[in-house]
């Protein structure tokens, strides 16, 4: 009995040390929260089923902060960063939020996913904390004047997709594959159906929920469709496309939203084995080879390794940090008092003024790139982002 | 004066320890919170503790006293949260009173009543099914409830996005929570220490024998399920007041298991233990979440799992029985406060360490000294 | 025609559920514990396949079975054996602890991003208008073979009969000279390697794996085992196939699809109310 106890103890110690050792992968210069730094906090899933999105955000935000700090921060004031795990569970947000705030958070990137974001925005409103969320796409997220989105809102994506359908895919039979228990999916779909022109006739719909991965039945429903709209994330999308590769018409088109970004970068999944065309409307393409986005991707892979999760979530977080940095620079130039001692509420007022002003245009890596390789991003007063989306064709139909 | 002293001595403090502890919490933290010196993290932690005590106590009625395994407790909570939240939402638009207690109480009543009704419905198969078969039925119930709310339309319960509910000011909310806990302790403790409670434990220990003794098994099982579900529903209403949104995806079977963990660690059929473990589990979980951040966040599940396995093995392993009896919390307390009374201590401790028995001597003593105990003497007379 | 297709899809999914449920029911029947970590063993098996796949697919399958077998034994020795004789609820909670542990270890070692594990592309068999994947056929045939083998093993070998004895009455079995600990360890070893095999078959069908990949199949297998009657080996097969078909029928009707899980569980409740010990479960007479 005693022997087994000791064995357990030894095993768990070994386990802990290996774990701790494996966590020290990057050597980025990202300070912990302190009184001498401007503290940026965020809440997102770092464990559980949605961890891949949170990790991408954490890595990218740290990368951006590291780069800014290397250049001397904001006139010598460095930025600090911390991320709390919410497991994509709204009940865990408030603790993380309160704790971040008490540790000195001055500016926040909100949350990574929409469910927790809804809780976060109410708390942030009470404390007048500035929120610029990289990837919480819910329409209600920027409800209050202190919250802004870097990603396109759900309804925006639904409308834009439907308009694209109306002008490019007239006469085709439309199918939809969506996730019935996720507001990202149902939110986009609702707006999509509303905007889609009558001439398409009836839309064939198939859905899944939870962690289902066997989509044989859904493929059967959608097999006659010529264009399949998929407002879902890339993992189930890849599973669906694989299940339907011989059953869905080979000239059919898969069309998704920003959640589909990353579908061609899943380890072990070769998108070229899918005969159909795969494309999506988004603000970022994580396999791009042009512009500032490429520099980000190269730096990311160099720092975190080839296998680290890379998607539009991270790119948006990278842009969020830089947007805040640029906005603070503008505010400082305008005479605002920006220092490590500025309170969260003061930061919020300062940043809000800059973000809604017409003259503030941020040049980032998400959105359609201009001639200089960067995109133009601005914000409307209600917190929604204005930038050009791009239709990325991941792969053409192979014939 | 002398009479008072005698009466005080005769009072069974053990019966009141739960009330005293909770009352102390209220007495200490209320002025701190109203004075504004209680940080937000502590207020949120207290809210969670109050909610989890409610959940753990209500589940312990079914698991610890009735002896039925339930994996669908979050389902009752879900019903309470949605209905309570909806009621408060409707009332808020009519009353327009900020932080008024009226919508809270009405929501509480509706949430608890409907959850209790579903407790009755789930209690029915419990009459026919045993053990793990009942466990899967309760798990199924929880998932069905979750799915139904998830697929509700935007206008009724908000669908997958969740229902936006009015959030109570967190300066007061935890106080209300602990008053609810007091009510819950009062009802469950009196139920358990009455003849009804003894009937319930008799059913747990041997259903057929209990039936043969003339105990109405149907009635008691249903009562157990209804009371348990109603308090879970109340905890759900509390949840809807502590959060801005009620989302069905929160109330999955993992949540039910989390509550079950509190009950099992606390010792089955031990109310004080259940309260302590609910506090401890909530505290540990929150601390792990707020301390292990960033790159370390992946470690918190490992730490939690290890703590869980070690505690369960320590508490339950038959091989460690001698070790446990030598070094335990009760002995430590006894050593600190009553260094001399070591003779009767062992005997008493032994009863408490049998996890599936409630303190039998206590139950028996109630028969002899009805008037002094905390229960309602009228009900006793009827027997 | 559509219905036949749905049935074929259901069989394909049901075969995998049946395979998982076989291991589940085996452990439940003998050790009398709800093994919530069973699904996570499947996940570990999947990742083991991923590691060895680059060398040889067959080697990968064998390696995954052996690794899971060892893992099953270690988990049983460290986490469950100390609790032999304690309340079944305590064992249930430890199993949950082990499940959390395996999931977060996988998260740390392999990361959160999904991995594709394509063992082999087996192609499809076309009969008229219906096409059946060879993986479906292999899964079903293997499940039936394993079911028969397990039944024979339990009925006719010494260890198998000892297992039945342990499941019927632990104390009496001990008095008859059966080494209970060894029997239970063997049960876990078999159950875990079956889980690894189930992992392989589900990877043949849907080749993705993530750290939380095992939790849903675990619950589904539990449901399948209960529908068939926990502890009954043919029952697990029946329950698994039944569940797979119900799931595919629901998913093929767009209006019902969002409610699939609710419908499955509703059917489970109805079955249990009609037959409280599952379709093929034995009814035990209770004694005082």
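Brief remarks on what is shown
Labels A, B and C are assigned to the chains in the order they are written; within every chain, residues are numbered from 1.
Assume contacts are C-beta pairs under 8 Å (C-beta built on N, C-alpha and C of every residue); 3 or more make two chains touch, one makes a residue touch a chain.
Please read these numbers as outputs of a predicted model, since none were measured by experiment.
Graph distance from subunit A to subunit C, where chains that touch are one step apart, equals 1. Chain centres here are means of the Cα atoms, and by that rule the chain farthest away from subunit A is B.
Distance between chain centres (mean CA atoms), subunit A to subunit C: 36 Å.
Distance between chain centres (mean CA atoms), subunit B to subunit C: 33 Å.
Centre-to-centre, using mean CA coordinates, subunit A is 39 Å away from subunit B. For subunit A, residues that reach two or more other chains under the stated contact definition are 1, 8, 15, 19, 23, 47, 51, 180-181, 209.
Of all residues in subunit C, those that touch two or more other chains are 82, 104-105, 107-108, 258, 261. Of all residues in subunit B, those that touch two or more other chains are 147, 150-151, 298-299, 301-302, 306, 319-320. Of all residues in subunit C, only 28, 34, 36, 79, 82-87, 89-90, 92-94, 96-98, 100-101, 103-105, 107-108, 219, 222-223, 226, 230, 258-259, 261-262, 265-266, 268-269, 272-273, 276-278, 286-288 touch subunit B in the complex they form. Listing the residues of subunit B that touch subunit C in their complex gives 63, 69, 125, 128-130, 132-133, 135-137, 139-141, 143-144, 147-148, 150-151, 206-209, 212, 253, 257, 260-261, 264-265, 268, 298-299, 301-302, 304-306, 308-309, 312-313, 315-320, 355-356.
Subunit C contributes residues 2, 5-6, 9, 12-13, 50, 77-78, 81-82, 104-105, 107-109, 111-118, 124, 131, 205-208, 210-213, 215-216, 247-249, 251-252, 254, 257-258, 260-261 to its touches with subunit A in the complex.
Residues of subunit A touching subunit C in their complex: 1, 4, 7-8, 11, 15, 19, 22-23, 47-49, 51-52, 54-55, 180-181, 204-214, 216-218, 220-221, 235, 238-239, 242-243, 246, 266-269, 307-309. Of all residues in subunit B, only 39-41, 44-45, 48, 147, 150-151, 159-162, 164, 167, 239, 242-245, 247-250, 286, 289-290, 292-302, 306, 310, 319-320 touch subunit A in the complex they form.
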